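Below are structures written as structure tokens.
Both complexes shown next keep chain A, but they swap its partner, so chain B is in the first and chain C is in the second.
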Partner chain A sequence: MRRVVVTGLGAVSPHGIGVKAFWSGLATGACAIRELSVIDTEGFRCRIGGEIPEPVAGSMRRTRADRFALAAAEEALTDAGLAPDEREEMALIVGAVGGGMLEAEEWYWATSRGRNTRPVPAVRSVLPCAHADALAARLRVRGPRHTVVTACSSGAVAVAEAAALIAEGVVDVALAGGVDAITRICFMGFNALKLLDPAACRPFDRDRRGMSIGEGAGFLVLEDAAAARARGARTYAELGGYGMTTDAYHITAPEPEGDGMARAIRAALRAARESPAAVQYVNAHGTGTPQNDRVEARALERVFGAGAALVSSTKSMIGHTMAAAGSLEAIATVLALGHGMVPPTANIETPDPDVHFDCVARTAREIALDCAISNSFGFGGQNVTLLFRRR
Partner chain B sequence: MPVKTRVAITGVGVVNAGIVGDSAALGAFLAAPRLAPGVADGDVARVPSSSMTGVIDVGDARRLSRVCQLSIAAARLAVQESGVDATRGLGLVVGTEFGDLASTHVFADGFLERGPSGLSPLLFPNTVMNTMAATTAIAVGARELALTLNAPTVAGELAVARAAAAVASGQAPAMLAGGVDEIDAVVERVLPALGFTGDRLGEGAAFVLLEAYESAQARGARILGEVAAAAWRSLPARPWGTGRRRRSLAIRAVLERAGIAAAHLGAVYSSASGDRRRDAWEAAVLSTALGPEAPPAATLARLLGRHAGLGVLRVAAAAWTARSGLLPAATDPPTVMTRVWPRPGLVHGLGRGGAHVALVVAGA
Partner chain C sequence: MEPKEVLDELKTILVARLKFDPRRAAETTEATALPKGVEGSIGLDSLDFIELSIAIEERFGITMDESEDLAPHFASFATLSRFIAGKLPGA
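Now for the complex of A and B:
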């Protein structure tokens, strides 16, 4: 099996456009969750989320999510220093959920009110695979391409899928990540499930009341370590291993003992040939819902033992960016390794006494890191853990 | 991905407008092919609700959306035929083009009719495309990786290719690979208005159970066929468009990996479905890759309507053809049989937008 390294990063997040803005927001513990403007929230209990704060360049004929994806993907490729001919046969793996639903909703809403019944071109982009199709056409990708939909773990699964293609020798280079724009369906759905906190989410706080939704895109360039070295590429980190499991328990609730999550973490450790003691930092899924955080903490304790690693939640600052969450959090983990700094969990007032970990409340912590994991879980019990090592 | 460990097909499950059952039902259909109800009239080939009786119990039927029921029914049939023990490690890959859009529309309509109080928390999970994989994983006890792959036209073949790679690389000892789609009223109305005409649309689900060849032999499973090689690539095209490039990296990769020359293939199962521009592009790609000695080709979309399950069905059908030496003829509709060499066959899919999949499938 070949070793896989990260050589390029690209992000569009509620902290702004670009990896620099993303890391700056994370390192300062800034919370980018604010009143939503992209959709009408009138009549809902929660009216906030992590929205992209500035216009993203690109043709307005593209969907909002496609513009996010293109901006993050192009930043990652530029960062990796890959010339167009070096990326023609690369793999392209995209994690997606909402596709171009935001624009399709506008058409559907109008249709239901008897207006504008002719389908608009955006309706063609409603499917999650629309992002990969748009990226492949724009970037002229000819290698393996697929779109994975594993709910909120989609972005992390895309990274794992790309790593598998490189490790197995199918390709030398892969562009992988996740993307989602805030949509009415998603916002309304989490409201209907009463999973949204009317205030900014507080993962791992004793009094947490739910999550905040968000949007964005995160893309990583992954490469075969030998190929990256041969072309003199800068390497951020090594993706040492990953684990993917399924709870097969419930469509929305995690298995209460965290068995599926723990199996994913152990599988990542096994693949990377690391012991639990090697992991110093866990970038948690950490949504802020009472149930998720309790079960995730339980799974972490089963694998690592109480207090054995620092744990923090990126979602406390940017909200739950759905299909983008796993890849944005993978980027956060890679940057934490590189900067020797663990981003905090914002908004914690009273740490949950049932969470037996230091959750790095409110302020980032400087610490030399060699090994960290990023957890992502999704509806349907879809668990993924990515393990990164400093190079 | 390279197939290192040999990958056997040990179970088939199909629920669509023309076939309900396991590999025996598929074989019976292929031996006497006929148009599914609806296809002959140019309508969508729909699955009658009675098709799932006996596979889906009353509780599931009440609780689950129709597309989830289709998925679970076909997956259960494949697991049942293979006799695999899910507790020893079973994963799942589901390919779909439209997911559960029907539930998404009902969910949205609740809001549009009654505001926030009209939103159903029970329906919301169905608006996420992995709902079929999630409910199927629960139904069959699949606790290894469970992926949902979304692509136009090629989602089913892609699911088989990805699942075969998981078995070959040891990611999971056994994998269910399936495709499922349901044609929802809004999709049916919108597609022609967006310029998609001529496609013969269908719905339904199909699954194959894949496992390591040696393990299957060791437990005495009946081996129905083998995925000898699988690859997926992109051909240049605009989203939802067709392209001009004919040189297929995917076909070249699978022929190399399977160690077979184009002239020694027994048959080709293509994804042609009546979409003229896409069909012409695929024909050109196949002709360029396979040359003048290309084997006879068949497509099942003309019989059963295009849906993600059909890609999986073509894989199972290619295994049957490699065993029997029979191929539904390339007439329109293909209701007569052609005799072919009982050799490994090529399963090929090319979607609008350029997603492109090839597999070499051998008989037992």
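Now for the complex of A and C:
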């Protein structure tokens, strides 16, 4: 099995366009969850979310999500320093859920109210696999291509699947990540499930009341370590291993003892040949729902023992960016290793006494890190843990 | 930008984005028609027009309004070049 390293990063997040804006927001503990403007929230209990705060380049004929994906993917490829001919054969793995749903909704709402609109972008780009179409065509990527749809863990599964293709020698380089734009169906769906906090989400707080939705795109360039060394690439971190499991328990609720989550974390440790004691930082799934955070803390305690690692939630600052979450959080984890700094969990006022970990409340912590994991858990109990080591 | 320069950019788009043979793109003139089914045209279909529209908006930084009937502008390279040139800043 070949070793897999991260050589490029790209992000479009509620903190702004680019990895620099993303990390600067995380490192300062800034909360980018604000009043939503991309959809009409009139009449809903919750009216906030993590929205991209500035226009993203690209033709308006592309969907909002496709523009996010292109911006993040182009940044990652440029960051990796890959020339166009070095990209041609690479794999493209995209985690996606909403596809072009935002524009399809606009078309449907207008049409059903008798306003004539032309359905062109909506119809062409509605499926989740449309992002990969747009990316491959625009960036001329011609190797293996998958779209991963595993709900809220899609972006992390994309990274794991890309690593597998490299480790097994199918490709030397892969562009992997996730993307989602805020849509009405997502916002209203989580609202109907009573999972949205009317205020900015407070993961691991005793009084947390739910999640905040968000949007964005995160892409990573993954590469065979020897190939990266041969071309003199700068290396951020090694993807030491990953674990993927399924709860097979419930359509939305996690298995209450955290069995599936714990198995994913242990599988990642096993694949990376690391002991639980080696993991210094856990970038948690940490949605801020009462159930997720309780069960995730239980799973962490089963694997690591109480208090054995720092735990923080990126979602406390940018909301739950759906299919982008797993890849944006992988980027946050990689940057935490590189900077020797654990981003905080914003908005914690009263730490939950049932969470037996230091959740790095409100202020980032400087600490030399060698090994960290990022958890992503999708509805239906689709659990993924990515383990990164500093290089 | 003159319509002639716009035409050269459109030829580049034909090759880079619509995957035309460079020789076929080089043969096109202002008089060449675009839509499939028109005599002597380069045979663009509805999906080609979407890709072409995206490429034009991204290359020239303009927005084409879908609520207006765009078909006459996409009839030939002459009409399209004039349409684009007219939307550019300073036009």
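Here, the second predicted complex is superposed on the first by the 387 of 391 C-alpha atoms of A that agree within 3 Å, B and C clash if a C-alpha of one lies under 4 Å from a C-alpha of the other, contacts with A are read in each partner's own complex, and residues count from 1 in each chain.
Following the convention adopted for this analysis, contacts are C-beta pairs under 8 Å (C-beta built on N, C-alpha and C of every residue); 3 or more make two chains touch, one makes a residue touch a chain.
Because the structure is predicted, anything quoted here is derived from the model rather than measured.
Undergrad: Touching A:149, do we find chain B (first), chain C (second), both, or neither?
TA: Only chain B is touched by A:149; chain C is not.
Undergrad: Applying the document's definition of touch, where does A:124 land relative to chain B and chain C: first, second, both, or neither?
TA: both
Undergrad: Can A:201 be said to touch chain B (first), chain C (second), both, or neither?
TA: The answer is neither, since A:201 touches no partner chain.
Undergrad: By residue count, is chain A touched more by chain B or by chain C?
TA: Looking at chain B versus chain C, the one contacting more residues of chain A is B.
Undergrad: Would you check which partner chain A:59 touches, where first means chain B only, second means chain C only, and both and neither mean what they say?
TA: Second partner only, chain C.
Undergrad: When the two structures are overlaid on chain A, which partner does A:317 contact: first (chain B), second (chain C), both, or neither?
TA: It touches nothing on chain B or chain C.
Undergrad: A:237 in the overlay: touching chain B, chain C, both, or neither? Say first, second, both or neither.
TA: Once the two structures are laid over each other on A, A:237 reaches no partner at all.
Undergrad: One more residue to check, A:166. First (chain B), second (chain C), both or neither?
TA: Neither partner.
Undergrad: A:141 in the overlay: touching chain B, chain C, both, or neither? Say first, second, both or neither.
TA: It touches chain B, and chain C stays clear.
Undergrad: Taking the contacts chain A makes with chain B in one complex and with chain C in the other, which residues are shared?
TA: 118, 121, 124, 137
Undergrad: Where on chain C is chain A touching in the complex?
TA: For chain C paired with chain A, touching residues are 17, 47, 50-51, 53-55, 57-58, 63, 66.
Undergrad: Okay, in this complex, where on chain B does chain A touch?
TA: 1-2, 91-92, 97-99, 104-105, 107-109, 111-112, 115-116, 119-121, 124-125, 127-131, 133-135, 137-138, 141-152, 158, 162, 165, 169, 171, 186, 190, 193-194, 231-240, 249, 353-355
Undergrad: Contact residues on chain A for chain C in the complex?
TA: 58-62, 117-118, 120-121, 124, 137
Undergrad: Which residues of chain A touch chain B in the complex?
TA: Spelled out, the residues of chain A in touch with chain B are 43-44, 89, 92, 96-97, 105, 108-109, 112, 118-119, 121, 123-125, 127-130, 133-134, 136-137, 140-151, 157, 161, 164-165, 168-170, 184-186, 188-194, 244-252, 260, 263, 378-382.
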